Every structure is written in C-alpha cells, then in structure tokens.
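What follows is chain A paired twice: with chain B in the first complex and chain C in the second.
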Partner chain A sequence: MSFVNKDASKRLLAVHGWSGTVLGLFLYVVVLTGAIAVFRHEIGEWSAGGAKSHVALDQPLNARLAEIANQIDPEYLKSAFVFSRDSGEIVTLFSTTERVDGELRQRGVRTVLDPVTLEEVQRDEGYFGDFAPDQKSALERFIVRLHVSLHAPRPWGLWATGILGFVMLSAAISGILLHKNMIRDLFVAPRWSSLLLNRRDRHILAGSWSLPFSFILAFTGTFFSFAGAIGLPIVAIVAFGGDQEKLIREIQGVPATQDSTPAALTNIDTVVAQSTQIVGSKPTAISVRNWGRADALITLRHPAAQGSLNGSLHRFAGPSGDYLGLKPNIGTQPSAGNTAVGLIGPLHFGTFGGLLSKIVWFSLGLATCYITLTGLQLWVQRRAGEAAWAWLPKTVTTVGYGTGVALASAGMGFFTALPFGRAVDATAFGFLAGAAVSILLGAVVSTNERLEKVFAGLLAILLPLLPATRMALAEDGWGTLLATGNAAVVSFDIVMMFAGAFIAYWAFWHKDAAADHAVVVGTPAE
Partner chain B sequence: MNTDRKKTLGRWVLAGPVSLVIGVLLMASTPTWFPAGAAGVNNLAFAVILFPAYWAIPFFYAIIDNNLKRVSLVLFAALAVNTALVAWSFLKA
Partner chain C sequence: MTSLLWFAIASLMSIGACLALRFVDPKRRRLVKQKPPELPGFVRPGLWSMFFLPAIALLFASQYVAFLAWLGAISVLGWLIALQPPKQAE
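Presenting the complex of A and B:
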C-alpha cells in the first residue's frame, strides 16, 4: 500500500523524475566523486607513492617545534597546529587570525618537515590561503573539491552541491513514499519480458536497498554544503548579532579567562606519551593555543577508538602538562549538539568501521550512481521516439563514462607531472582533456551502443595505465613499498588493474540477458 | 491561464521558493526557542543540523496535500511565525 493517494503519487513521481532528469547528471558526478573520496587518504598515500614514514607525530618533536616557535614572529604563537600528510611529511602551522575585508583569515608560518630527519623541506609565510598547494596531494584534493564544490568558487559551489544534496534527499523520500509495497520491491525479480520493464525492476531493486543509505548521505551532504555557506552566518546573525568570531569562540569552547603572563610550554613529547597511554592510540594532530603563555592549552586529536564512531580531543594545561580531560568538538562540555554533530562526519564519510565500512560506503555510492543513471535511462526509454529527448541517451552515456575517463585522465596528468613539480596544474589539465575527449566522442560516435563500447575500451586502457605510469616514474617498487608498510599503495595498483580488466570483460564479453530477451520478445510499452 | 495551470504554478511556488525561505527562517529562528542545554550550544548546533529537514518538510507537504488552500495557509503561517521569532531576537538584542 502506498503512503500517499493517487494524485499526490502523480505529483511525487513528477518531482522524482524531473528533478532527477534536470540535475541527475550533476548529482551523478557529485556521488561518484564522493564514493571515490571515501578512500581519500588511501588515494593520497597511493598517489604520493607511499608514506615516507608512518611514525608521524609519535616521535620526539618537542625540540624541533620549540626551535620553530623561537624563530617566528611571537604574534603567530597564538595558534599552533601540527599534523602529518598522507605522504608522511609533518606540517606545522603557526598563525594569528585577522579580519581582512570583512573576512576572517589566518596569517602565519607554515613549515614542512621531513618525517624521518625532521629537517625543514619548505617554509612559507603570509596568509594561509595564498600558500602554494601541496603537489603530492594534488590528485586527492582535486577529487575531494570536485565532490564538495564542483570546483566552483565559494560559496557558489557549496550552494550547488547543497541543492544537489537536497535533490537526492527529495528523490530518496519520494522513493519511500512512492513504494506501493516496500517488502515486495526489496525482493523484486527483474522481469525479462522487455528491456524497459527489466531496467525499471533493476532500478527499483537497487533503489529500495540503498534508500536508507541515500537518505543518510543526502541529509549529511546537504548539511555539510549549507552549514558553512549559509548555516553558520545565519545563526551568527540571529544569536550573536552577526559576530561570527563570537559564534566560533562559542562553538570551539574557548575559555573565558585569559592570562598573558609568559610561561614556558611543557614538553610536548611527554604530553603525547601521556595522551597515547590514556586513549590507547597515537594522536593524529596537535594544537597549541597561546604558546608560551600561562593560559596555554594543548589539544590532541586521536582517531576513533575500538567501538567508537568518533575520534576524540584531549586537553592538557600548557605550562604544567596536566591532563584536563576530554574536549568536546563543540562547546566546553558534553552535549546532545556535540554528539549529533559528531555523528554527521562518520555517517557521511563511512569512516566509522575502518576499511570495511569504507568499502560498504564506496559500494553503496556506486549503487547510487547506478540508480541515477538507470533512472535517466528509464526516462529516456519511456520517451523513445520523442525528438525533444533524442539528445539525452548519448549525453547520459557521455557523462556516465566520461566522468570516469576524465578522472583517470586527471590521474595520468598527476603521475606524469609529479616528478617535475607541476602535479596541481597537470591534474586539472588532465581532467579537462579527458572531459573534452569524452564530449568529442559523444558528439562523433554514431550510436549509443557503440559509444558505450568506445568509453568502456578507453577506461579499460586508462585504469591499468595509472599504476603502470605511477610505477614507471616512482622511486620504490612493490617490494620496497610492502617492506615499508605501504601495502595500501600496492593494493590500489592491483585494484586499478582489476577494475580495467572487469570493465573490459563486462563491455566486450559479458552478455546482457535483458537485451537478448528484449530482442526475442520485443519491447512493449509499460 | 486555466485553473489547473494556476494550481500547478501555485504549488510550484509553494514547494520551491516558499519552502526554501521557510527552511532558512526555521534555521534562523531555532536558536531563539531550542533549549541551549548545559553546554550552551544545542540551540546553535541543531539549528544547522536540522536545516535539510526544515527544508524538506514544507517541500513535501506542499506536494502531498491535495488541498492547495490549506497548504498556502499552513506555509504562510509558518513563514509568519518564524519571521516574528527572528524579528523578536533582533529587537531583544
């Protein structure tokens, strides 16, 4: 039984179909890149050719950090942040926050340290937004930005992906409301009597199983896009008269009492050891507020412990090194708001259960891509013969495969330019070149069936070419990578090769039973 | 313009821009009525977290309810109440 009456069903179906048709291809790009971005850290490690060291912050850093702190403008000691990149390099950021043209900006010094020798390999000073981006993480960053904002400037990109998130949310909710029999739809056997019915049943089957996932992903994604773009500014206007700094202080839970009396900072290595013992895992980031002052605070971020969804923050007194307890992500004490905000990240990124949950989230993301594309194919098939929609089938194929081709091409650009220090530009250029070739193919290849084969062939070549190019230009082979704890890099190489082989098999050797049946039985109108 | 077209257009306006404005206003008014809790941040956090729901509820209500007059009444009442709450928070400040 449907949740809504016949007239409402018609309107819901119209919203479901039209929103999917008008924005479905953009949504597909966002969901596909999101599914890939689930493995952003693994991609970062893979594209960098492995991490030089996995020790990161679990090594004596105190003397080196104190040395940097003594070299820089004391103004930058207001905020210090230390973390390690996927390539293993340790980054320190010392800064102060300033308001420039009505916008809050961080100004300070960034140093990049070799993770083994702790030698300084790079130093920049100025506004953080103006620093040259890291070359080794260019591919990972490109994919994430494509997912988050479609590479459009702020806030337009965030608004665009927020609207796409809402389209997905409305498709999921209308999908739930439109089901006449949810249990039956969960176990529907795709009919073979026609291609249209077969595709419709497959769309319903995949859609029914991934409805909860689509809902969670769309809700959290809409939150992420709109929270920064409009949410926080609006809440700041209403609750704090437009004072965003006050809102940030309230959310971060900055202590009200200030004491600028000079006081030496405790040994950070001792704090790291103490925190590691308390939590049972190594910290992934260290932050120090008011370095060298009596009110200095050291906060360590630890990854999620066994049985926990979220990472945790632990606070220590700067001068004494005394443990001050858990620090909530927002506010100064535990709250329902902090718990709810803390749930959003793991649910969106699929990081709550290690590698297994990431694989599940990636697979469900691909299932959502399948639903988006089959939904569009259904729309096209129902309007077969209508001149107004004749352009859509090849467009769906071009975007469906072309996004993959463009991403693989971005990877090729990255790997070939990384040794020359031009990976950031080459990644973008590779993506644009791949997109241009895809559009050109979409325009010149005569039939949709042939276009699918051409794209599949292209992907079957490009995907294994990625690890081949990486290996040809990298310093370390598989043996060295495995010996240095970089199994993730080898795994990714193998996955890419298998992905290429699988696409080739599916496109050129696998027989589409539904298409065969449709040829025999015909394709009657539904 | 015939009646059906007018109704479709009216529903489109209610489900589209009006629902979005209600969603934004609901988010803006939440800090004024949602309990802040001991940490003083619940009203701020839930205002932003609930935004997708604040947008989706009027959107689907405008589509599902067959009675367009009732939809208009309910949505404009929601618009008025939340505008008043936001205005009150400014006057209070």
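Presenting the complex of A and C:
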C-alpha cells in the first residue's frame, strides 16, 4: 500500500533526510540524555553516595516547620514548600512572588535540614534564582538540563528542544508515508547483500517497531518545551490580557475569596498521616499557602499509587486540617484538559510503573538513538564517495560516542570535586573536557573504523572508573549502603561496571556481524 | 492481580506470538532462500491476534500501567527479535 505518489515520495524523502541530517545529531544528544534522565532520581541518589535517610517527609516535622515560620519575615509565609532531595536532605522554601523588571520572581528563605536530626545545615535569603545550586545533585541536574534545554539560556534552549521534538514528529510521520511495506517488513532482518541495504533495513526495522513511542516521546517532549516558553505567555495574552499572575492563579486554582484573619495552622504531621491513609502512599511534597491565616491551604503531593499512571494532589484546610479533596493539577475542578496534562508527564518520563517502566522507557530512548544514528549512517552510505559529505561519517561517530564520553567525563569531574564543594563547576568542566577530547580524537584518528574502536575503548575505561572514583572518595562502602537502604547506589555501581565490560566485549571481542552474513545473498535494494 | 503480573503475562504472550511470527514470516524466509512453511490460512492471523490480544485485555481490565509498560516492552523486544539474522537452518 502506498500512501503517496512517486513525486511526493521523493519530496518527503528529501524532507525526512535533510531534517534528520541537519538536526539529527542534536536530536541524538537530547534523546540520549533523556533516556539517561529517566533514572534522574537514581542518579541523584547514586551521585550523592546514597540518601542519609529515606524517611523524608514521613516523620514529625510540624514543630521544626513552625519554628522556621516564626523566625522569618511574615511576608514569606504567603507560600511554603517542603520537599526532600535525593540525598535525603529536607528543603523548606518560604517565599513571596514579586515582579522584577517585568518578570515574576520568588523571594524568600531557603533552609536545608538534616533528614535525621532536622538540624539546619544551610540557610539562604533572597531571590530563589540567585541561590547557590545544590552540589550533591549537580550531576543529575546537569544531565536533565542538557536534555531539556541543551544548557542554552531560557527561552532559547526550550525552543531548540521543542523544534527538535517537531523534527522527530515529522520524521516519524514521513517515515510512515515513505515506507509502504511497514507491516509486511516487520520481521525482515537487515539484509547483507549490500551495506546500503543493510543500513536501510536497520533504520526501517527499528523505526517501525518504535513508531508509537516516537510519537509519544516527541509529542510530550515538544509540549514540555513549548508549553512554558510559548504556550503560557500566549494564553496569558489572549485570555488574561497579558496578566501572567492571574493566569498562574487560575492554573493553580487559588480560591477567589481571601481571608487574612490570623489563624494558627493545624498540625502538619496530622495532615500528612491523614493524607497517607487516604492515598496509600507517603507524600513527596507539602505546600502551604497563606501560613498563619484563616484562608490557609495545605496541599500534599503523592506519587502514583499502585496501578495508577500519575500522582495526585490532596488539599486540606489550613486552620482545621479538614480534608478538602483531590486537587486537579490545573484549576479547581476536574476537566479533560487536566486529565490530558496529567498524562503527558508519566508518558514522557516513564515513571508511572516504578523501576519496570523506567527500564522500558530507557530502552525506548536507546532505540530512538539507534534510529537517529542509523538514519545518519544511511544518509552517509547513500553519498559514499562524495567529497562534500566525507566529513560526516567521523562526525556521526564522534557525536555518537563522544556524548557518552563527555557525560562520563562530567561524572568524573563531579565525583572528584564533590568533596571540595566544587561539583557544579567541575561537572560542567568535565563535560566540556570530554567533549573537547572527543572532537580532538575525531579530528586526529585517521579512519572511522579506528575511531569507533578508540571511543569504545575510552568508554570501556571511563564507565567502570566512575564507580571506582565514587567509592574511593565516598564515606560508605557497599555493605553500609545496603544496610541503610541504598541498594540503588550499589546497583548503579554494578551497572556502570557491566556497561564498560559490555562495550569492551562488543568492540574488541564480538565477531563482526558483516563477516557472519557476507555469504547470505538477499534481494536487491528496492 | 498486580500491574507487574498483568504486564508479565501480557508480555510473555506477545513475545511468544512474536517469535512464532518471526519463524513463519514468508518474506523473512524468502530472503534466505527458504520456503515459507505451508500453514493453514488462519495461523498467521491467529498469531497476530495473540500478539495484540493482551492490549485489548489490559485496556478492558483498566490496567493502564501494565498496558503502557507492555506497549513499550513489546516495541523494544519485538525489534530485537526481528533484528536477529535468520539462520540457514531456521
């Protein structure tokens, strides 16, 4: 079955190929970091050397929070937010929102509490955007920002990744239209009658099987990039006369009636216990609006319950602690839009089914990387011998392996600098150093085949070096980590070692598939 | 029954169908100059039904977590199964 005629097919192939070639390498970086970022919390815990406590918000916090609320400027009681980091530390943010140079900014106090003793280990006051970033989560944050915005400033980075999402969507759609025998070819293994045909089969096979997820990941990713950078400002202009504060109030579902009469806040520990009983899981964040007032509202965020796709928000009256019910993510009433937006997060992050769905989503991300790289290789193969494209094969290899080398190098920078409190800078420096070395290798090594081996060797060394460095500089060994419920850290150490060993095996000892199948004669290229 | 159990049963069923479909796929066999097995007409549609049946069952049972995990896992595993080069003796 053919969806388009021959001329349209040629034009589509040109759009598919050129958009993929021009932006494919950027798309690869975004998808690879996205696949890794599926494990962001595990990476956060691993890089921090384990969480000091997993109790987090499920412990008596009321007295400590009330103490902090009494110490700070009453202006900051408009909004309070409490959550725990992957390292276990509990963070409280008391703030008010101000308009500075036309932009809304939060000003207030941030305190960091030891999760075991609840002693204050850090306090900052001022604009939240000006606070020094957390050192222990630097690696996790670096990977996520690379995925979200390629570390470009707002809104340019979000626009860039949004456009890449569109490229992925258009590639998926044009891929369907171009490949007329998609269903019939679902079980056709890559043929070896020619290298061009082999590259084509590999690209089409992976693309066909991953098609539903190419749509899902591209659509949801584009939504995240453009919703904040373009969508909300447009909605603010069109529906709220440019008043972004009003728009945010509508989205957050702030009640129209205000009552500033002083009223003591109920015991937060009782609210947490009540909410835990209602939902069946511990809350991951607590927010309090208008602390100490009669109209105070307490909202608790819970992760997805067993069998449920997304988490939930539950509201309680501040003074009485009465349960007010489920709070939609958008507005105050349940709506189709709220349901749709609520689904976008789990579908993009793959966090709805615990470790299982994370592993599946990570694999889908790697499959998408494979599609991108095989697409580029197919482009290269079709232009083999053309001088104008001679630079591309080594560039594809350099970015393909080099991104992994640079990320591993970022990890090395992080682990070596963490004890000295310079992890944020060192992570970025490590990444840039790894990228520079990769580019240099790409320029110096003579052939693409040799370059692949050099990069594979480098990755095979760097990946096991990461846990080795972490362990050499960490306080706790595997025994202590396992005893304190930090099995994720040990698992990550092992995964890194295995990944290094696997790459070494694949690059240096695995029998070349081309040699295996050179004798098989297939049909000529279509 | 937990989401994990639903997922495991659904995935095993689809992987089984996928392996069988790979074995009987006529184009795959033709490419290595093997004759496709002579099967009754209902076999391939039956295998495809077996492949997709878990999706209907999971949606019917409102097992959305298991459905999405199944869909993702099948996308990757189906690809890896099809990617394996056919052996002359297959």
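For the reader, a short list of remarks on this structure follows.
By definition in this document, the second predicted complex is superposed on the first by the 514 of 526 C-alpha atoms of A that agree within 3 Å, B and C clash if a C-alpha of one lies under 4 Å from a C-alpha of the other, contacts with A are read in each partner's own complex, and residues count from 1 in each chain.
By definition in this document, a contact is a pair of C-beta atoms (placed from the backbone, for glycine too) under 8 Å apart; a residue touches a chain by one contact, two chains touch by 3 or more.
Note that the coordinates shown come from a computational prediction; the quantities given were computed from them, not determined experimentally.
Taken together through their common chain A, the two structures put chain B and chain C side by side without a clash. In the superposition on chain A, A:34 makes contact with neither chain B nor chain C. When the shared chain is aligned, no partner comes close enough to touch A:318: not chain B, not chain C. In the overlay built on the shared chain, the residue A:347 is in contact with chain C alone; chain B does not reach it.
Judged by the touch definition given at the top, the superposed model places A:306 against chain C, while chain B stays out of reach.
Of the two partner chains, neither chain B nor chain C is touched by A:49.
Remark: in the superposition on chain A the angle formed at chain A by the CA centres of chain B and chain C amounts to 80 degrees, rounded in steps of 10.
Once the two complexes are laid over each other on the shared chain, residue contacts for A:251 go to chain B alone; chain C is not touched. In the superposition on chain A, A:442 makes contact with neither chain B nor chain C. Closest CA pair between chain B and chain C after superposition: 20 Å apart. Overlap of the chain B and chain C contact sets on chain A: empty, with no shared residue. For chain B in complex with chain A, the touching residues are 11, 15, 24, 27-32, 37-49, 51-53, 55-56, 59-60, 63-66, 86, 89-90, 93. Looking at the complex, you find that chain A touches chain C at residues 184-192, 202, 205-206, 209-210, 212-213, 304, 306-309, 346-347, 350, 352-353, 356-357, 360-361, 363-364, 367, 513, 516-517, 520-523. Residues 2-4, 7, 21-22, 25, 27-28, 30-33, 63-66, 68-69, 71-73, 75-76, 78-79, 82-86, 88 of chain C touch chain A in their complex. Taken in their complex, chain A has these residues touching chain B: 4-5, 7-8, 11-12, 15, 165-166, 169-170, 173-174, 177, 218-219, 222-223, 226-227, 230-232, 234-235, 237-239, 241, 247, 250-251, 253, 328, 330-338, 340-341, 344.
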